Amino acid sequence: MNPINDLLNIIGGFIAGIINSIFSFSPFLADAITMGLAAIILCTFAALSFMGLTYAERKVVARIQDRVGPNQAGPLGLLQPIADGIKMFTKEDTTPAAADRWVYNLAPLVIAVFALTTYAVLPFAPGVVGTNLNIGVFYVLAIGSGSIVAIIMAGWGSNNKYALLGAFRTVAQLVGYEVPMLLNVLPVVMLAGSMGLIDIIDHQTLANGNAGIPFLLFFPLSAVVFLISGIAETARSPFDLLEAESEIVAGFHVEYSGMKFALFFLGEYVNALAVAFVFSTLFLGGFAGPILPPYIWLLLKAGAVFTIFMWLRGTLPRVRIDQMHNLNWKFFVPLSIVHLILVIILLKVFVTSPAQQAATGGILVDAWVQAAIMFVASALTLIAGLGLAARRARISRLAEEDVLARRRAENMATAGAA
Amino acid sequence: MDLFANALNGIPLWWFLVVSAALFCIGLYGVMARKNAIAMLMGVELMLNAVNINLIAFWRFIAPNSPSGLAFAAFVFVIAAAEAAIGLALIISVYRSNQSIDPEKLDQMKL
Amino acid sequence: MALTLQQVIFLALAVVVIGAALFVVTTRNLFRAALMLVLSFFAVAGFYVLLDAGLFAVAQILIYIGAISILIIFSVMLTRGMQAMIPRNSQAFWSAVVVAIIFAMLLLLLGPLRTTVNVAAWPIIGSIFPNATPRELGAVPWAYAVEPATGLPAVVPETYIATFGFSLVDINQYVLPFLLVALLVDIALSGAVHIARQRRPIEVIQERQDIAAEDAAEAEAIRNAQQPAPVPAPALPEGAVAAATSAANEH
Amino acid sequence: MLFAEAVTTAPSYLTTLLWLIPLPPILAFALIALFFNRYRQTSSTIAVLSMIASTVMAYIVFFNVWQLKDLGKAPISSSIAWLPTGDTTLSIGVSVDPLSATFLFMVPLACTLIFIYSTGYMASDPLYSRFFAYLSLFAGSMLGLVVSNNLLTLFVFWELMGFCSYSLIGFFYRKPSAYKAAVKAFMTTRVGDMLLILGMVYLYAQTGTLNFFDIMHSEEVLELLGTTPAVGIFGTTLGLSAAALIGLLVFGGVVGKSAQWPLHVWLPDAMEGPTPVSAMIHAAAMVSAGIFLLLRFFPIIEVSGEHSATFTTIGLIGAFTAFMGATIAVAQYDIKRVMAFSTISQLGFMVAAVGIGAYVAAGFHLLTHAFFKALLFLASGSVIHGVEHGHHHVHAHGHGHGHAHGEPEAEAEHADAETHHEEFDPQDMRNMGGLRHKMPVTFWTFLIGGLALAGFPFITAGFWSKDEIFADAYHHGIEGGDPLGTLVFITLVVTATLTAFYTMRQIKLVFFGKARTEAAEHASESTPAMTFPLIVLAVFALFIGFINVPPDFPIFGSIVGSGAFYFKNLIGQYLIEKPEPLAFNIVPVLFSLGVALGGLALGWLVYSGRNLEAGVTDPVERLGGLFRFLNRRWMWDELYRAIFINPMQWLADNYTRIVDKGVIDAILEGGWKAGAAIAGAFAAFDRVVITGISDAIGRGFRVVGDWGRELQSGQVQNYLLSGLIMALAILVFFLFLFR
């Protein structure tokens, strides 16, 4: 065992050993306590990363916007998250008089639970995974849809029209963006032949005679669409319509304060980080990588993806709601379907193993050749889709201008007549 | 045969069947006794869930090597989704024209 | 009698399922009923996990909670004014009686499954399954799956998802139902969109005018056609035409 | 020689083709209904092309299988599992065996010709596209029915045809008579279909399969069906074997579909549809489907026994229907009505043939009849078309003309036009006459069809098929001493005479003599789109009969050589015991010659000279009361109205009056009067008892009424509850009481 590479395993084994020896009279109890402890550690990790992420995001965005960011609490403002936490804890916890109390109080809890449940299947290093489900991808997507219920609960329970509007918007957005997400996970699943996250990572390493190519190189289109859908799914900028201050104040959590608000906040960041993890796993090879220990690789990849989130947040304005839906239903979904069909056909035509060749009668090629073909096809689809969309947009813009011009002319005429 | 009285880590088949029967009956009551069409639809969903529990439980205990139980359960899923979509669309349409979705008031088809 | 962990989980889930379902069918507040429905669905997903059908547990969450519940909640919100309501209609009592009888009968049928009692103690089962073999009659009217090697209860094979998936596209198994179901969903979705679409009044008027014009044209054509048409044109299209023209004049 | 070489293998793509045969028209229906309903030309083109595609495929199949030796024993078929239901699997599939091969020859050809004809006939109709959509669906269903290898899909297509026929009969849905006829057709055939469903269920319960060949080709299954006694509810035995009961129930469906007495009443009314529809429904497709089904089930009927109730029923109903139809046809004036009753009569011929066990003869007559009856219908359509054109012609150009020898009505031109329009009936044969020179193609083809219908000796198909039936009936009845056969033979001989007579009557009234109206005067020949199908059909009506010439028939038997009894050898394979060819007998042939020529001669003599002039009463009207009876179609409609419809209405109308006014009021009044008579003494008694009773009665009725009304609350939950209670009751009954 390499003490650095398998650090997490060693620590875990150590703790498990201690627990087992203490509760040696009941293996059942020992197991239960080990599992509980693991769950607590995972949750703690998520919560701590939430603190780190808020700090990092504020710093990065400040840098983009040519500001300094938090710099008062502690050296470089490093203690700012803790200060925020204390502030949150000590704030008054208000409940609107007309709220549906049960629903109102339960909502933040539900959203936090759903956000943290995702981590149960994420593989952090070989052997370090909550539970290796053989349907991991499916599970992640399903749990993501569960948080919709929590948002509706919050919006409804607050008994506030802005909260309800925000909840409506969120639900429309979240339900909608699940579709392209699912459609773009499918190529990966088909190529890996499994929905298990560990299997998917294995296919991107040199293990079992695989070529060690990250799926990003197979399906650039899927990666791009998945990433953008992921941002929309976690309702981060530029898709943060649900808390568009100028339109609906703060959306579904307008009535929440103190710790409950913090839970919503935590849910958002934890979800975003989970999307970053899942993206790294699906398209970047997860914890696989040379030299460095696997968990470091995973953190680096996820950190890079999260940096993209921050970057987008710092630079892009918020989209309009119609733009958001148009992007999804009129661009992502059709594009993904076309891409999916293309991938299905190509995966049947170009195969990498004799067994597959026997099954489909395709052409036997090297994995790198397959990757190249897939990359070209996927990228061409993306470019063609973008080209069509740009043309469409230009046409509609011209038409809009025509209408405006005509209206202006009419106005001029009526003004002249008057 | 005693073996199977405690199959599946101590849970016998009939436990599932009893729960499913209870769920089905509750759903049926909901369909028949509620004064709101959406609540009726909820009852229908409960009934479908009960059916699915039955299908999957029988699959697990009787024929885990055959896909039949799962296939039927999957069809139930899909049909439940279609039924909910159509049902709710109808309910909303009715609500728009009648300002009510009380099934006791929706008797215009009576001769 | 010591309960195993799975039994405890099962009982807890059962309490949640039944309790939530009872809440769903009795509460006044429709929104809470919908939330309890979600809870019930969730617990049913737990049952699927206990039954080693993880795929279906996840599908349950994705479809029932992620889609159907959301639809129901939306409908609840869109039909405001129907939310606080009388929970029961006039036939609730009789419904409850009938449902109780049905439940009792189901339990009666389930009776022989509980233990390996002699068939003589449960005459009903003999009448329902007169052709069952003695082995089956000894316990249940069907045979449990058994591992041939050990004689222990069968375990779910690793590849059950693949088996299930292939059965859906196998020409000898379920490909036809599968395609039909896909078609059904397509039709249901477009149909739902069409039914629930809120048409603006101007569109409705336009549509009525179109229909009336078509009717009028058809009537005219039939009057002119070679078929002997002794019947004067029905009054309906003319009325429709008049209505349409008056509607058109108003606008 | 065409028939000499028998091939033993068929190419493997045939099964695929079989699946595809019904598809193009159904696809065409979808295309027209969904996308092209606004484009007239496109939709008719699609329909015709789809039908041609089907025809090509059907003919590829037919020419590949018609010489297979063992087609009957080993039909080419292909099945897929449709629905696994527990232990069993419902499978559906397609197959071609001799019976369906014959139909694959006849149906697509007839349908294609009717499609082409329709492009001309319906050219000016506003709902042209819709017509072709329905027609395509209809043709697709018929083809599907023919290639089905099981009763389930056959039934599905059967019902689809029922629907299409409903839509097409009611095609001119603004005419009250048309939609009434459509509803009548639908409801009447439904009665038969109900029986058919029962038969299907019973068959499935007995055999566990609905596949024809699993049942009909397995001697064990047939024997089982033949020996099992049919058991009714609560264990009553009906004195029938299961096979006999199934046969009777299926025959019920046939009675509905093939318009046999007592369910024949819909077919004449169905003439409200456009003429191509009449040709389609009443010649090529739907009514044949009934006989087709009967022939399919012949093996089952056969095992029910020689003199079973099933055979007797079928034979009697067939013979009676044949006779009744022919008599009615004699007394009709409407050109299409004559055809309709002639069809009923000819179908009766076939059913009667089945009833005496003449399976092959029935099938043969079905084939020839399909051709010449389609021809006759299309030719009548052409006649109607022509006369109508003449009528329009008179109206468009001949107004001055008309006024010259009518009274001038300048002030009411519109009214004149309309009244004239209403009075004139282009289908009435009294309005025709002398069309022989105006419409030569129509005349010659109609003549060929008519002669075939009459069974004109040797050169028409009808002669050979009728002769076959006569031979069988003679063999069974007169020679075999079977009373049923004798009865059938005598009835059919009389019927055939009548048939020849009314055919000649029709030909003379329509085509000979001088034009009796101006419309007939100005009639003109139809377009090639309409005459081309006539010519093709006429060729078949002449020559199709030669596929089943008895080998020992003088002269003709030696001309066709080894092709003799080709049809019999082909189609007979469907049965387990191949039917023995009958020895040639001159007596039935003489009968057949005699009745055909005699009937035709009688018609020629009666309808000649003065009798064809305008304004002369038809000679058959001299029959007086009998004529009126026949003209009103034996008063069946009136009878049904009197037996079924009126009593119901009467019951409903009078229930309130009699029960309320009659019974309750009488009791009340009587009580009141009695009470008044002894009022002084029994005032208290009166108040307590009499009033109490009467009130109770009144209240009782009220309560019952209220309770009954409650049942139809219009509330879905209420219905659900009542349904559930009923289901529960049934469940309790079966689980606990009915052990």
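Going by the order they are written in, the chains are A, B, C and D; count residues from 1 in each one.
As a convention for this text, a residue touches a chain if its C-beta (ideal position, glycine included) is under 8 Å from a C-beta of that chain, and two chains touch if they have at least 3 such contacts.
Because the structure is a prediction, the values reported are computed rather than measured.
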Chain at the geometric heart of the assembly (C-alpha centres): C
Distance-maximising chain from chain D - centres being C-alpha averages: A
Which of C-D and B-D has more C-beta pairs touching across its chains: C-D
CA centroid of chain A to CA centroid of chain D, Å: 67
Averaged-CA centre spacing for the pair chain D and chain C, given as whole angstrom: 42
Gap in Å, rounded to a whole number, between the CA centres of chain B and chain A: 33
Rounded Å distance between chain B and chain D, as computed from the means of their C-alpha atoms: 45
Junction residues of chain C, two or more chains touched: 5, 55, 59, 67, 74, 89, 91, 95, 98, 102, 173, 177
Multi-partner residues of chain D (each touching 2 or more other chains): 84, 717, 721, 724
In chain B, residues with contacts to at least two other chains: 28, 32-33, 68, 103-104
All touching chain pairs, where touch follows the definition stated at the start: A-C, B-C, B-D, C-D
Complex contacts: residues of chain C adjacent to chain A: 5, 29, 31-32, 35, 38, 54-55, 58-59, 61-62, 65-67, 69-70, 73-74, 77, 161
Sites on chain C touched by chain B in the complex: 3-7, 10, 14, 17-18, 21-22, 24-25, 30, 33-34, 37, 40-41, 44, 47-48, 50-53, 55-56, 59-60, 63-64, 67-68, 71-72, 74-76, 78-79, 81-82, 85-92, 95-96, 98-100, 102-103, 106-107, 110, 113-116, 138-139, 142-145, 151-157, 160, 163-164, 166-168, 173-174, 177-178, 181-182, 184-185, 188-189, 191-193, 195-196, 198
Footprint of chain C on chain D - complex, ascending: 80-84, 124-127, 172, 174-176, 385, 388-389, 392, 421-422, 424-426, 717-718, 721, 724-725, 728, 731-732, 735-736, 739
In the complex with chain C, residue positions of chain A that touch it: 28, 100, 102-103, 133-135, 138-139, 141-143, 145-146, 148-149, 152-153, 156, 164, 168, 171, 175, 178, 195
Complex interface listing, chain B residues touching chain C: 1-5, 7-19, 21-30, 32-36, 38-39, 41-43, 45-46, 49, 52-53, 56-57, 59-68, 70-71, 73-75, 77-86, 88-93, 95-96, 99-104
